[in-house]
Every structure is written in structure tokens, then in C-alpha cells.
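Shown below is the structure under consideration.
Chain nomenclature is as follows: A, B and C, assigned in order of appearance, with residue numbering initiated at 1 for each chain independently.
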């Protein structure tokens, strides 16, 4: 052992220590970069992707009074990514005087719906646009059942949701009068974190009833949605905080997502740097060991 | 935080948010009693919350209210637009409650075989729905989406690198990439024949596509996770205001002190992980 | 009987789900609708089952003073507090709400339930997921190696997506956002689509096996 150690040069020892660096140092570096760029904000121009623009244009094309089912299938665990999307989309819908019917397949969803209504309806009220619960928008609350619930919603909203989140009978609400199924819906939107979410809505609602659909999802889910966008099951979609920042640019209200984009950029550069540093150090180490005749 | 609370309650809430956030982050140092405590609080609160939503969101409106309305129709001759006949039909819903209660038999090992009935209902429903849902959206629609033209008259659409062409714009080259990608990856997943000759070569190209797909997914996962961290950091910064008494600083100090005390007092001889 | 009835139930329900997809016949729709309601209610009971199981396991550990029983007691206290807070919210919205709101329920946003959701459940849930950011960074440094062609392709695609998806990518080189969008729209779509077609074939086969009673996952466990 001692003989072997004598042959090992200082560089090799350094590199060896570097590649097996305690992960807590990396944690500290990541945390420092996030905190630094949060305190020192820098703004950068955001480039809008095609599917984000397509989603914006689909919602913009809705006539006043259009019925939109907005399914909020996320909770606090992914709030950082999906809340900015939720707010931007809800505000656009209410500004266009669409009738917004919200529900959730996730237990965490109903309070997120309530929060978003409180924020957006409050903002619009300050600007002189009054929106009334039960007339312009409704929170139908949570429904268990995953894809079974989606199919049930498709054939009857009122049977699936006999009451709204507060307990009002849905059949008595003005917003629910004169329609009941997905065939009466002008646009289906889901803001979703996983299963059940966008894919399940495409399978059980969009492709079944052939209704227009768009989605806002986390960045983890977004690669899965590209095939559905290409096959026109989806008219457009947003992926994660980056998608939300692009949407904020389109609606002309830069907010939380735009603010987060530079920090995101900085951490991404750091991670790419870490990947490169890890690879360079590992290959240098392997090459040194190979030169000494050590088998890897 | 958008609730409308009294100033004192709001301040208390902000302090709790800071404390719980930093207590969870303390796990990054190593597993410790503060993290364990808040982890158990999380599971407890989540379970209580789920119970509330399951009952108030589904069991109460879809079973209790439905059956009560049916019973009222039977007793009164007519209720809320339902006739006696509708009232009797509504009583079918008891079947769902019976199955639901049978599901709870899993808690009693001797009776747990009864839970197979409700499980069979759920499995059967999922099987039927997945069969049609996947067949349409994931099979037919995806194959139809891959039926793309591989020849065109206009040379401007031949290549994706044409000046001004957007990355997502359809072109002969891009269509070719998509069609070749789908066919070769499907070949790669085709396990019932040995991958030799042409099939082997197609499988090799297929795995390149799979690797690029997984790379794109990994990149997206990084994007997602970092966004969540930015979210928590923003919350701490926004909460750390003089009007609340700088809760993030104080809670950080509290968590740090607790960990130092715990390390010095209770795990002197323990090795680092 | 223990094994035959579940096979019959699953076949009956599965067939009605398929029939409803293809048929507009009112009787089929009516039966399928009711079965869907049963599915929705049964699945909500599965949440209740999970909660009762949690109570059973943790209560036993507390009563028998097993290892870490203090934490388990904390879990039970938080759970019951949240349940009681939920009951109070229900009362405030549907019982007291009706008294003050002309017979209609009232939206309440400042109950103990809302407070606990906003200030206990919310930060804990969000931060536990945020922890993963650190582990993703650490894994990128320690495990992401370009050992061969396949790993190199994966690494290149990941780096382009990471850089091209954020504004700094465009600032470094305009080609990064373009390349990122191209990878996502074409090679990624191809790979994902093939995976989805494969999954669809698997799902169709599994669905048929369950409905025909060849596969009986509900008999396990």
C-alpha cells in the first residue's frame, strides 16, 4: 500500500480528492449561487418557443363567453413551476370574459384553485373588472378516481360534481346552466404535475370527445408532450418555469417566472460546469492511472 | 400565501413557513432529529388533509348527498326534480359504499380477501379505459402523426437550416429524422427476434435516438428541480422582512443551534456519513 | 367464490367501459356512468384506507413505546389536528355559512385548516421536493460520465437542453435555443413517440388479459 502511494503524484491525489468531493460542498455552491443571484437580480430576454406561442394563440382565439374546463392537477410540491403558469392563464381567460370551470384530480388542487381565484379576481377587481363566483368562474373541487373520474366528467359535469368546493349544488349555479358534457366545452386546459394529468386527459377526454386541448406541465413532463403536440392532440403547451416565463412575455406581464429565469440560467451554467469538471477530472485521473499500468 | 389573516396570525404563519423550510433543508447536512420531526409532521398533516378531501370532495357529495336526495324523493313523492323512480335508482349507489367499506377489510388480515372485490372493480375500470384511451391517443393518433411527407417541391422546406427557418418548422429533413427515429426505436424495442443484420443496424440507430431522448429528459429534470429550489429561496427572501422580524435569519440560527447541540451532545462518537 | 367473483366484477366493469366508448345506447351509458361513480367512490375509500392504516401502525408503535415513538406521536397529533380543522372548516362554510349567506354555503379562507395548509403542509411539501435540486447537481458532478458513445450522446443532448432552455443560452450563442428546440421537437418526439406506441401495445394487451381473466392483479397481496 505504501509503495503504491509513493508512486502517486500530487496531481493524482488532488484529482482523486476532487472527483470524490463530499457532496455537501456541491450543495453549498448551489445554494450560494441561488442566494447570490436572488439578491442581485439580472434580467435577460426570453425567447418564445413555438408550442408556447401556439397555446397563447389558442386561448386568444376564444370568443367572449367561451366555456373552459381548467383542471388544476398540482399542489405545493410543484407550485414553483406551475403557479406562474396558472396565474397567467387564469388571468388571460378571465380578461377575455371566458367562463372558467375549475376542478382537480389531485387532493392538493382545490386550495391552489382558491388561491389563484383570490389573486386574479382581486387584481381584476382593482382594475374595475368584477368577476362573480358561480357566474364567471367556479371551483368544483377535488374528485378521486384518476382516469375513471375524467371519463365521468366527460359524460356529465353535474353528476360528477353534485356540489362545488363550498357545497353549493352545481345544478343551481348560473355558470353551469344549459350544458353538461365535454361536447359543450370550448377548450380543455390542464395544469398538471404527473399522473393523472395531461397524458390522461388526452387519452380519456381530448381523443375521446375530440375537443381542443392545451396544457401547462412541469419541465419533467414536457418532453412526453411533444409527440401529442406534433399529432395535434394538443394545440400547445407550457413546460415548467421556462414555459411560464415565455407565457408571461406573451401576455405582457413579466412576473415571478421571468424573475426566476436568470437564477435558473446561473444554476444551469453551474451544473454544466460541474458535469464538465467532473468528466475532465475523471478522464485525467484514468489516464494517469493507465500510464502507471494500473488496470481500471 | 394569499390567505387573509390577522396581522399576528400572518406573522406566526410566516415564521412557521421559514422554520419548516429551513428544517427540511437541514437534511442536506445529514439526517437529524429536527428533520425527522418535521418529516413526521408533514406525513401527519398530509394524511389528515387527504382524508378531508376524500370525504368532503367525493364520498359526501357523490354518495351521501346522492342517496339522501333519492331517499327524500321516495319519502316525499318528489324532491329537487327527482321522481320516486329516480329515488329508487339512486339507492344503487349503496353498492359503491359497500365496496368502499369492503376495501377497508384489508386492515383485518382474516377478512382481507373481501378487498379483492373493490380492487377488481378498479382494475377492471382501469383496464377498459386504458385499452381504449391508449389505443386511440397513443397508438392510432401517434401513427397518424408519423405519416409525414418525405418529399416536397419547394427547396426552401427541404432543410431545417434554411436561413430564418425555425427549429420546430416542418421540413423534409425534420420529417425524415422523425420517421427514422420512430421506426428505429421501435425496432430497438422489438425483443422477439435477434438483432442481427439490418435489424441490428436499425436498433443501433434506435438507441442513439433513445439516448438523445433520455438526455433531453435529464436536461428537463434539472430545469424542474432547480425551479423548485428557486421557489423556496424566493419564499424565504420574500418572508424575511423587517415587519416580521427577519424570521429566516432567526430560524436558520435556531436550526443550526439545534443541530450543533445534537451533534455535540448525542453523537460524539459517530462517524461522518 | 373468493377468486371467481372478482374475475367476474373486473370483466363486467371493463366490458362496460369499452362499450360506453363505442356505443350511445342509453342503457349502456347509464350502467357505465353508475359504474364510474362506483369507481370514483371506491378510489376515494382507498385514501381513507391509507389514512386508517397509518393510524393503525403508528398508534401501535406509540402504545408499545417502540423506537422513535415520539415522532409517531407527533405524526398522529398533526393528523388529528388537521382532520379536526377540516371538520371546523366544513362547519364554517356549510352550516354557519348558510346562516349568514341567505341559505347558501360561504367560502372561508382564514380557518385553521387553511392556515395549516398554507403554513405547515405547503412549505414542507414544497421544500421536500426542492431538496432534489441539490441531489441532481451532485449527481451531475459525480456520476454523469461520457464513458462511451451512448453516454456521450445523452450528455450532449442534456447539456444543450440545459443551456438552450434558459435565456443565458441565447446570450452565449444564438444557436443554443435553436438546437434545444430542434432536439426537443424532432429526435425527442421520435424517441418519446416510439416509447408511447410500445406502451400502448402493452396496455392494450394487459387490458385484454385483465378483462378476459387471464391476469388477476387484484388477487395478489
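Descriptive notes on the structure:
Keep in mind that, in the parts below, a contact is a pair of C-beta atoms (placed from the backbone, for glycine too) under 8 Å apart; a residue touches a chain by one contact, two chains touch by 3 or more.
Predicted, not measured: the structure shown is a model, and the values here were computed from it.
Ranked by the number of C-beta pairs in contact, the top chain pair here is B-C.
Farthest chain from subunit C (centres taken as the mean of C-alpha atoms): A. Look at where the CA atoms of subunit B average out and do the same for subunit C: the two points lie 4 Å apart.
Inter-chain centre distance (subunit A to subunit C, centres taken as mean C-alpha positions): 15 Å. The geometric centre of subunit A is 11 Å away from that of subunit B, both derived from CA atoms. Among the residues of subunit B, those in touch with two or more other chains are 2, 28, 49-50, 53-54, 56-58, 62, 122, 125, 129-130, 132, 134, 138, 142, 145, 166-168, 178, 213, 216-217, 220-223, 226, 228-229, 231-232. Within subunit C, the positions touching two or more other chains are listed as 17, 21, 36-37, 39-41, 43-44, 46-47, 109, 114, 117-118, 121-123, 125-126, 128-130, 133-134, 136, 140, 155, 158-159, 162, 165-166, 177, 181, 184-185, 188-189, 192-193, 196.
Each of residues 27, 30, 49-50, 77-80, 107, 118, 143-146, 148, 151, 160, 208, 219, 222-223, 227, 230, 242, 264, 267-268, 271 in subunit A touches at least two other chains.
Remark: subunit B residues 2, 28-29, 49-50, 53-54, 56-58, 61-62, 65-66, 81, 122, 125-126, 129-130, 132-134, 136-138, 141-142, 144-145, 166-168, 178, 213, 216-217, 220-224, 226-234, 237 touch subunit A in the complex. Taken in their complex, subunit A has these residues touching subunit C: 19, 21, 23, 26-27, 30-31, 44-47, 49-50, 75-80, 107-108, 111, 114, 118, 133, 143-146, 148-149, 151-152, 155-156, 159-160, 165-168, 208, 219, 222-224, 226-227, 230, 242, 261-262, 264-272, 274-275, 277-279, 282. Those residues of subunit A lying in contact with subunit B across their complex are 24, 27, 30, 34-35, 38-39, 49-51, 77-81, 107, 110, 115, 118-119, 141-148, 151, 160-163, 171, 199-200, 202-204, 206-208, 218-220, 222-223, 227-228, 230-233, 239-242, 256, 259-260, 263-264, 267-268, 271. Across the complex, subunit A is touched by residues 17, 20-21, 29, 33, 36-37, 39-41, 43-44, 46-47, 93-94, 97, 104-107, 109, 114, 117-118, 121-123, 125-126, 128-130, 133-138, 140-142, 144-146, 155, 158-159, 162-163, 165-171, 177, 181, 184-185, 188-189, 192-193, 196 of subunit C.
The part of subunit B that touches subunit C in the complex is made up of residues 1-5, 9, 12-14, 16-17, 20-21, 24-25, 27-28, 36-59, 62-63, 92-93, 95-97, 99-101, 103-104, 106-107, 113, 116-125, 127-132, 134-135, 138-139, 142-143, 145-146, 160, 166-168, 174, 177-182, 185-186, 188-189, 206-223, 225-226, 228-229, 231-232, 235.
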